[in-house]
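To keep things simple, chains are lettered A, B, C and D as they appear, and every chain counts its residues starting from 1.
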Amino acid sequence: MSGPLLTLAGVHTHIGAYHILHGVDMAVPRGQLTMLLGRNGAGKTTTLRTIMGLWRASAGMVTFDGQDITQFATPQIARLKVAYVPENMGIFADLTVKENMLLAATKASHARDIDGQRLNWIFGLFPAVEKFWDYPAGKLSGGQKQMLAVARAIVEPRELLIVDEPSKGLAPSIINNMIDAFSQLKAGGVTILLVEQNINFAKRLGDHVAVMDNGRVVHRGSMAAFAEDDALQQSLMGLTL
Amino acid sequence: MSNTLTASGPAKPAVDFDWKPLLLVPVLALLVLPVIGSPSTWLTLTVAGLAMGMIIFVIASGLTLVFGLMDVLNFGHGVFIALGAFVATTILGVMPGWTASPELWRNLIAVFAAMLVAMAVAGAVGLAFERVLVRPVYGQHLKQILITMGGMIIGEELIKVIWGPQQIPLMLPEGLRGAVIVGDAAIEKFRLLAVLMGGLVFVALAWVLTRTKIGLLIRAGVENSEMVESLGYRIRRLFVAVFVVGSALAGLGGVMWGLYQQTVIPQMGAQVNILIFIVIIIGGLGSTGGALIGALLVGLMANYTGFLAPKVALFSNIALMVAILLWRPRGIYPVANR
Amino acid sequence: MALLSTTGLTIRFGGHVAVNAVTCQFAPGTLTAIVGPNGAGKTTYFNLISGQLQASSGSVTLDDVDLSNLSASARTRAGLGRAFQLTNLFPNLTVLENVRLAVQASRDGTHRRGLNLWSIWSDHRELTDRAREILNDVAMQDRADSVVANLPHGDQRKLEVAMLMALEASVYMFDEPTAGMSADEVPKVLDLIRKLRKDKRNTVLLVEHKMDVVRELADRIIVLHNGSLVADGDPATVIASPIVQEAYLGMAPGVQTNGVGA
Amino acid sequence: MTLNRLLSNDLPRSKLLTAVLLTLFLLLALAPFIAPGVNALSVAAKALIFIVLVASFDLLLGYTGIVSFAHTMFFGIGAYGVAIACSRWDATWLSLGLGIVTALILSLLLALAIGLFSLRVRAIFFAMITLAIASAFQTLASQLSEITGGEDGLNFRLPDMLASGYMYLEQPIFGVSISGRFLTYYILFFAALAMVLALLRIVNSPFGRVLQAIRENEFRAEAIGYRVVVYRTISSVLSALFATMAGVMLALWLRYNGPDTSLSFEIMLDVLLIVVIGGMGTIYGSVIGAVLFVIAQSYLQDLLKLGSDAASGLPWLAALLSPDRWLLWLGVLFVLSVYYFPTGIVGRLRNRAAKL
């Protein structure tokens, strides 16, 4: 099947009294990496949460693989092999790293049931996960938690990986790890949607780019073209100093 | 970044189990020994206190998980206690041949039958309670308090309609009456059974929580239910299951409480409820281990002060709660993110 | 002479240092923008100043008074006014009541009026008049009797600024005041912030992502990165500095982040 | 204009509500003349007592957003204050006064202690902790029988001027004898009126607005410089003092007090129900709710008995409709009103008026 894996059409989201998304239109092509960029408060995180069903769209439609998932509950969406890493990483601090990983392996009831080959591949990408296997996850540093969060999201094969600001607060060496991991995942056929503020990170990874402002997508295009065009970056993101 | 975890080489889990609260129970027991004076009286009271504590734990464990998992304040938990106890009067009432039998195993079967039926009934009513009363008020604490309180009144009145408003005796079967003599101390047999049952429930709960996937989900859900949903699990379903099991455990606790007191009254739920609240506040909302320690402390305290100064028994438990909260304002074992 | 200063302000969460020994002075009559990538510690730094978080070490002083051990509300009474990133109002009260509550809490000793149990609130004309004056300033006078929960988002943000103005603080702190606003609403809020500076005794601190906003308003920029102060100066200099370009735009390997400016 | 000020500028804001309040006011003011029977007058007196009790609880629940289950404890302290003083000492005004003052001081100290302790713990604990304290207090009251008369309670005499045998006029007026009982009723009436107006003043004062702000958004109230803890504690203390006065009124009317009369948990539930049905955070709701409730309690039980007799063919239905199961229907009503009627009678009437 061709066509985008995920589409949003005219999506509006209200949080309490606040109207956050004002008609988001975007498409996430299969097997590629799409960057969702934009200033703080532009509505990026709300968009991801609406895709995951954590907030309900008040108007518009979200489709996944051709199927309308707008009214799906979060677990239903997750079971379509969509993994989500929230901005706060969603690590279970009182559980061990092993238990965090086991939770994400929906089919495994014990750690030994987790696909060993896949686990070794993850250990290769993120050595800290192996190193601190029996530690309470709350004891990890911020960067280690971020690695665990991504490792947890890919412990089973996924169709779509959604990550909110993977580079946030990370040291440069860890960022390189992340970039490596996402490249390998993409090579394995996974579709990836990342929210980013860090333009350099975005430039090194993205195939496509969507820029949000004021609850709408205001620019769509290829990452290469976007990276070339300083004026465009400046006008859309206000980021260039 | 982290100063403990950056060292190279294989990392070993840090042993940082918080053991201090575990000392509370023996310390309390030993502190009152000189006050009471007679070691045999002390032993009798201590066993009675542990038995009472175990029963309270059985009841409180469900409530604390219900709170932890869905942030639901259930003030109606007490109704399942009374329900279980009244169901037990009916079941034991229709098994006179078994309860009056001199053979212990027949007595035990009667008691276990009463417990199983009480748990089934309390669990089923718990399911209805969750669907009808609790579900519409998820996330609204004020309404939860009011609605579940209303639910308890209705439940208590319905019990009066079915079993009558008066006190009903709940006699122990033949073989469980009387006491075992240890030295100078008389220890009632049923109290030993209660300690045993409470221990079994704790072990079973601890096993489920730490060794199974369901337990892992519950512990994770207590911390961050949204993330559990994002991983593909239906937390609501899990919550309903925990609510039903919690209600069933309250029913079981009600049977044990009724047998411990040897009478049941429709208001018993509301009375025990207060002890339960003290226990889960002491333990830290959402913590099973905390609930166990809290329940044992409350049970011991109630029995010691019941002997030393009966008029202030309930106040002693409030004083205990105040003391613990001054030490740890969020309870003995506060759960992360709560 | 600094009105507000932080000395070695630090907070650790577990092993993570979210704000690392930030020492900085803010003079009266200035508007300082605090910028930096997400997660750099800007909001945490704000929380440490306004008392929503208690620092692990370091101090905050206002007018030579050490605020470090005071609660958030005591710091507000001492003259630190703060608006929040997420709108944070009294949703079921009217616009006028929201502002009047802030006027009543304002610094000239009148916060004690909150303890007045026996007068009729609506009799306190001076509170109402002042509140209406402020609503006029923010062009919301015709909204005075609307219930806040029913207001559009932009108006709620303006009300947030109005409440801050009502506090008559000596330091005003804004955390992304224009977040989530439509383009035509932004200039209105910026005008309000400019108004606050007219009184030269005041200091304004602003956390902001939108560089156009920063350029337009600020007479000084400080840059936080990984919790540390990495640059400080007038907008032109700071924007030109390569270290800031790197820190702000991305973390290419080799960026030195420690010890600069701290 | 003066009426406006008397009501602290907090008018009913609905014609129907105004009419209802006016009717209730006249009914209560003229109760001894309208319904001179002993029972009917007791219903009116009970309504006055509940109006004060519920309005004082509304200050806490409706205005400050605090759920406390210890409100009847303060009610009981007021009633026991009078009962103990008047049964231990002579039935003089002095003993009565001393009893009232002691009760108020005790309530103040207890409310202060609970308020200050609750600083240490999370807000959601408050409801549970007050429940435990109230229950312990009730147990204590029934066990300290040397002081409180235990389960039996205390019968006591009041100064002669309040006795029903004490006649102020030889001839009845409009068929009503002007006795000490008559005087007692009007003491209660004017006390209730004064206290409701005082509560109305408090909730409409600068202080009252801060309470509402705390209920709406505690974090922000703290952030604009209000010390939430101080306001909460003052609100708890005031609410406790008014409840104590309601207890005093109860004792004056009944000349008896026992644990079931003033401390029982059932009264706490009644108070919750009334405040929800009347309309939280309105004070007026307490007035309407209390009168409705007392009338229902006094006469609906008779109605239930009729229903129960009529259903005698169906034993289970008869059991459900038995007057003893009054609380069952109260519970159902309570749950339904929390779901479908959260703003209560006053909220509904005001919304209707606002839409017209």
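Operating definition for what follows: a residue touches a chain if its C-beta (ideal position, glycine included) is under 8 Å from a C-beta of that chain, and two chains touch if they have at least 3 such contacts.
Remember, it's a predicted structure, so these values are computed and weren't measured experimentally.
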Most central chain, Cα average position: B
Top of the farthest list for chain B, CA-centroid basis, is C
Per the C-alpha centroid definition, the whole-Å distance linking chain A and chain B comes out as 42
Centre to centre, by mean C-alpha position, how many angstrom separate chain A and chain C? 31
Using CA atom averages as chain centres, what separation in Å is found between chain A and chain D? 56
CA centroid of chain B to CA centroid of chain C, Å: 48
Of all residues in chain A, the ones touching two or more other chains: 138-139, 141-142
By residue number and range, which residues of chain B touch two or more other chains? 1-2, 4-5
Hunt down the residues of chain D that sit against at least two other chains at once, touch-wise. none
Would you pull the chain C residues touching chain A in the complex into a rising list? 14-16, 37-40, 87, 91, 149-153, 156, 176, 178-183, 209-213, 226, 239, 244-245, 248-255
Note: in the complex, chain D contacts chain B through residues 65, 67, 117, 120-122, 124-125, 127-129, 131-133, 135-136, 139-140, 143-144, 265, 269, 272, 276, 316, 319-320, 322, 324-325, 327-328, 330-332, 334-335, 338-339, 342
Provide the residue numbers of chain A that touch chain C in the complex, in ascending order. 17-20, 39-41, 43, 138-139, 141-142, 165, 167-173, 175-176, 197-201, 214-215, 238-241
Chain D partner, complex, touching residues on chain B are 73, 75, 133, 136, 141-143, 145-147, 149-151, 153-154, 156-158, 160-161, 165, 270-271, 273-274, 277-278, 281, 285, 310-315, 317-318, 321-322, 325-326, 329-330
What residues of chain C sit close enough to touch chain D in their complex? 50, 52, 71-74, 76-77, 82, 84, 88-93, 97, 100-102, 104-105, 111, 113-124, 127, 163, 167
